[in-house]
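In what follows, chain A forms one complex with chain B and a second complex with chain C.
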Partner chain A sequence: MKKVLVCSLLVLAMSASAFGAAFKIGGTGPLTGGAAIYGIAAMRGAQIAAEEINALGGDVQFDLRYEDDTHDAEKAVNAYNALKDWGMQVSLGSVTSKPCEATAAENFADRIFALTPSASSAAVTEGKDNVFQMCFVDPNQGTASAQYIGEKGYAKKVAVIWKNDDVYSKGVRDTFVESAGKFGLEIVSETAFADGNDTDFSVQLTDAKDKGAELVFLPMYYQPASLILAQAQAMGYAPKWFGIDGMDGILTMEGFDKSLAEGVMLLTPFNADAKDEKTVKFVTEYQKRFGEIPNQFAADGYDCVYAYCQALTQAKATPDMDAETLCPKMIEQFTTMTFNGLTGENVKWSKNGEVTKDPKGMVIKNGAYVGLD
Partner chain B sequence: MTMRRLINLKRAEARRIYLTYAIVIAAYIICQVMSSTKFLSSSMRGMLVPICAYMVMAVSLNLVVGILGELSLGHAGFMSVGAFSGVATAILLQGFIPFAPVRLAIAMIVAAVFAAFAGFVIGIPVLRLKGDYLAIVTLAFGEIIKSILNNFYLGVDSQGLHFSMLSDTTRLLPGGKLIIRGPMGISGIQKIATFPAGFILLMIALMIVFNLVNSRSGRAFMAIRDDRIAAESIGLDITKYKMMAFVMSAALAGSAGALFAMNYSTIVANKFDFNTSILILVFVVLGGQGNMLGGIIAAAVLTILPEKLRSFSEYRMLLYAIVLIVMMLATNNAEIKEFLSRLNPFRHKEEA
Partner chain C sequence: MTFLNFFISGISLGSIYAIIALGYTMVYGISKMLNFAHGDVIMVGAYICFYAVVRYGLNPFLAVAVAMVLCSVLGIIVEGLAYKPLRQAPSLAVLITAIGMSYFLQNTALLLWSSNPKVFPSVVGRGAFHMFNGNLSVSHITALTIIVCLVIMVALSLFVSKTKMGKAMRACSEDKGAAQLMGINVNATISMTFAIGSGLAAIAGALLCSAYPTLMPTTGSLPGIKAFTAAVFGGIGSIPGAFLGGLMLGVIEIFAKAYISSQLSDAVVFGVLIVVLLVKPAGLLGKMTQEKV
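Right after this comes the complex of A and B.
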């Protein structure tokens, strides 16, 4: 609760400090409910970036506002409309995939440019010229994971446990299964679960164990993953574990025994242990304020605001321009510029809004993320 | 003396119905004028269609809960059947009917038919039960519908429609399009739902329900609600009447679902879960069981309320819950009820 208080005070302080001519930048994300860890992380990352940029006192100043969408498309559109009433000029879309599909359609209709930190489904950008992503699109994560596992030779026999009523999980699972053969992986077990029966994984784990899977691929968010790890340990099954960016956050989950996650590998574009100056600065600042190590969502949020800063500066945009005037300028900048951020160097965007950057493999060691390479 | 009272009662009933129509029409005109003169914020304008859909849901559930006296906890299930069948229809018709309102109308009719069918199929086992048992079984069916839709794939290509369950084995020909994609739901929906369409649907729903309630069948519904044994003893076919109310209610919920879904570019089955069913039940209970206008107002208030509480950020849902509790207590308080009824201009005439 204290954190929440500090956080809302910060928001208040920020909007107060950002008087005068600033770009109004708004985003929606789950700040409450089951997916809140993502929304809050992205929001905090964006806040730090906005404050850093404002403190520099350059031409581009930001007034940032996040609204809660509780990971629901209907609420996300409501939140988006609230931001529109506030006078949002450029948008950070939504943090999670399905809500972002809904708000992206609104962004497209209203001609308000959007750069989402972490909504990774392909439908977010599909057919919309003014919606861009900072994260990988889901299908790419599946292929990249299969490639990573195959090329590094971590395993031959692989089990997949996925959530069959979740867009994100399904998107990654589909491309992983599709491309597994190409990289010499054999999928020996494939089991699914859904909302409501996501507390007991003994069936799925027994299946994977009986069929001799050396590695279990977990394309899902961290809550079910934490249960899977605990139950596998209880039944004495210790394969290699491989997750994707949704697994990020497992270490900061309340009541989670970190030793369970020891040795879990995951593919994520951000590595909080990296020693480059930018990452160290961001991680220290984030830790100082919120008392935890930032995850990939925080880094995505941070990068989004810096990417906007770069694009707005290069486009010589001024805060008195309205959203419709800024939109074509932003499209032009984002399709031509190269951005260096926390989540990758030489980040580029294609015309359809998808991002190109290299994924980083990470492994959890002694309760912290360490680079695999 | 008794005759006169009966006639008066009937007049009071008629007045209540016309008052409901009048308030709905007036609210529509006010919102429409405010919306076209840009007086309404984007936030409010964005909520007009979902509010209409929720209002229809409240009317539809009120028929089962308030008039028939059976508790249904799976109403969101019918809404999702309507949403998915309606949107799929609209997408299939995209090439044939370019005029959006006609496409929307057809989609809503198809949605009503599908949902009515689902209501019929579910009604066969469910309506043999009563009370708490019925409530629990409808809850289960709501979840079953959600699970089925989460595992349902529907595609279309030059060969026609293709279905599959669990995983996508539709094997569409090149140029084919997967419409319903299991857990990913439907993406890229054209937003053709409009506020006038929502208003028309609400008016139709009200007309159907009011006419049904004041018909011979409606009297039978209420007789069953008030005393099942007495109703049975005078030869009423309980199952038939229950089924009639249930199917009608499911059909209305289906078209509301189609309207709701076509207001967003994407829809997933998880949206129509147990929580949504309960939310609709809250509209009905807060508005007063059997009171259509009350349910409609509750639907509007409870949809707008969380948005108006946005300035309280994290404390929003806490406040929402407190306001809800206060409202529930207040609307059931005898003294407050008495005070409210004193404000009612028709009260004296009714007593006279």
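Right after this comes the complex of A and C.
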């Protein structure tokens, strides 16, 4: 895998230099370790986008480089510094929230513009005028989910199971719980888990069941969610399930019994089964290269590079400009432009770097995502 | 009835800790070193089982046997490459090497099998025994894990106390130098210990992933640490202690989640551990040994 990576980076560097100077674009992400699935996906998405753009031979060319941060804040800063030494002009921040909170502070201090594909905690962009997000910020997901469940009338009594050592899960849970009352939801059960006790969910599920929850909200990634679904089935508990974007990926787990996820609803910006031309093209290319279906992180990475391409073109930026010159230009572009990508149409950014796009409600039917609306 | 159900959840979680703890404690008891890579050998065993069953369509029990053999070989290789050269080194150096080995195995697994979680097919299916009109259920895998635990515990105890190899192991554990003078091949004995410990790890891996079926390169590391805690709790080096410690840790964890707070369960578990170690520094069933100077 590493070899492939090195080769593709080499090819990338060569193809970029063949057309003259290119923008140096760098990001950090977990390429090894437990969270590697997210980092590798975002990197591969960005790679495909950069190669597509370079192959077109336009004015904007990219020289992309990803450094490994193993989902660790300290290593992320080291990786960021390596990219800075390399001469990074615009940054893709970090892939996961905790490391990105650290690198975003560096981005702010160094005046290097950043657009993170998937670091969704609010602290990533807070108080930094030059850090932007391609994904929804966590608090918005919580409110959007509560609103969706309430307005569609899926349930009145709701249980929440969340991961209390994870900023992503906590951010979504906080705003979900806060806004649930507004949309007529009653939270009857609220239980948590953490790294190290994330295998047995019998207590959490019994609590939800005994208190009569009709719907269980799961603000978490899909790996623990798959265990929860299996254990609920074993104990004969069948509520409605509602997840967030981290649930995406559950269907592509090797060996997963898809019938367990039947009827699971989730809000996600990207659907690999969508039939529009852009998505089909991306999914086919990704599958051809890497032999797997891209998840939303890959799509976010892909969109980031295309958003940069659009912003740099519109700003008439040239690769000889340094990061500090590019920064105000990028801020101006990103707060005014509208972007159409894989993860949303008419995507806009607010001044504080948060993205506005419509979450898509999905439900899993016969082992595939189907739009809810 | 809810109480009993929680108790059974605790036993089922605890039995997994117990089976991992058996491997820890056995290696520690004989070679006096903490093999922190044990959790990762479990992960390797689970991956071997996974591929044997899913890709090659092997019978699950046969797959576990294959995994046991391969893991034993892995155990011998790891011991020979990483620990044997450090036989005379201070124990801290060996400990650090073991931690390095743990990361090495994790990252090799990451390169070989990628970070995508895989769903492990259960060795005995997902059924359960139902009692009291279905109010109480014990899954097949829990029952199997407890039986396997008991069998391994008895077999290990017999092996260590009755066989010639077992006698050699006990001798090495007491004094390596003296054992060598008595004509015991210390290196072969310790290799054998690692082979057995790693073979047990393969069984533990298959059972762990059958009960909680997601498999990733990091699958073994956290249960490994919990199981190590269980081994210390029960008295490290003591085989029945590992079993008891594992079960108790599981039950305490589930009860803490259910009756105190799902957010504080680990704090409660480790709080109990601290109290036990303050009262009985050698663990529940551990023996205090006097160091003669």
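The rule is short, and it goes like this: the second predicted complex is superposed on the first by the 351 of 373 C-alpha atoms of A that agree within 3 Å, B and C clash if a C-alpha of one lies under 4 Å from a C-alpha of the other, contacts with A are read in each partner's own complex, and residues count from 1 in each chain.
Following the convention adopted for this analysis, contacts are C-beta pairs under 8 Å (C-beta built on N, C-alpha and C of every residue); 3 or more make two chains touch, one makes a residue touch a chain.
Just so you know, these numbers come straight off a predicted model, no measurement behind them.
After overlaying the two complexes on the shared chain, residue contacts for A:98 are found with chain B alone; chain C is out of touch.
Within the superposed three-chain model, A:73 lies in touch with chain B and out of touch with chain C [touch as defined at top]. Of the two partner chains, neither chain B nor chain C is touched by A:352.
Contacts of A:199 after superposition: chain C is touched, whereas chain B is not reached. Once the two complexes are laid over each other on the shared chain, residue contacts for A:32 go to chain B and to chain C alike. By the touch criterion defined above, A:191 reaches chain C but does not reach chain B. Within the superposed three-chain model, A:313 lies out of touch with both chain B and chain C [touch as defined at top]. Within the superposed three-chain model, A:84 lies in touch with chain B and out of touch with chain C [touch as defined at top]. In the superposition on chain A, contact is made by A:164 with both chain B and chain C.
Residues 32, 164, 194-196 of chain A lie in contact with chain B in one complex and with chain C in the other.
Put simply, chain B touches chain A in their complex at residues 41-43, 45-47, 50, 143, 147, 150-151, 166, 182-185, 187-188, 191, 264-271, 273, 306-307, 310, 313-314, 316-317. Residues of chain A that touch chain B in their complex: 4, 8, 11, 31-32, 67-68, 72-75, 77-82, 84-85, 98, 101-102, 104-106, 109, 121, 123, 126-127, 163-167, 169-171, 194-196. Put simply, chain C touches chain A in their complex at residues 2, 5-6, 9, 12-13, 50, 54, 107, 110-111, 114-121, 126, 128, 137, 139, 211-214, 216-218, 222-223, 225-226, 253-254, 257-258, 262-263, 265-266.
On the chain A side of its complex with chain C, the touching residues are 1-2, 32-37, 40, 164, 191-197, 199-200, 202-204, 206-207, 210, 222-223, 226-227, 230, 234-235, 252-257, 292.
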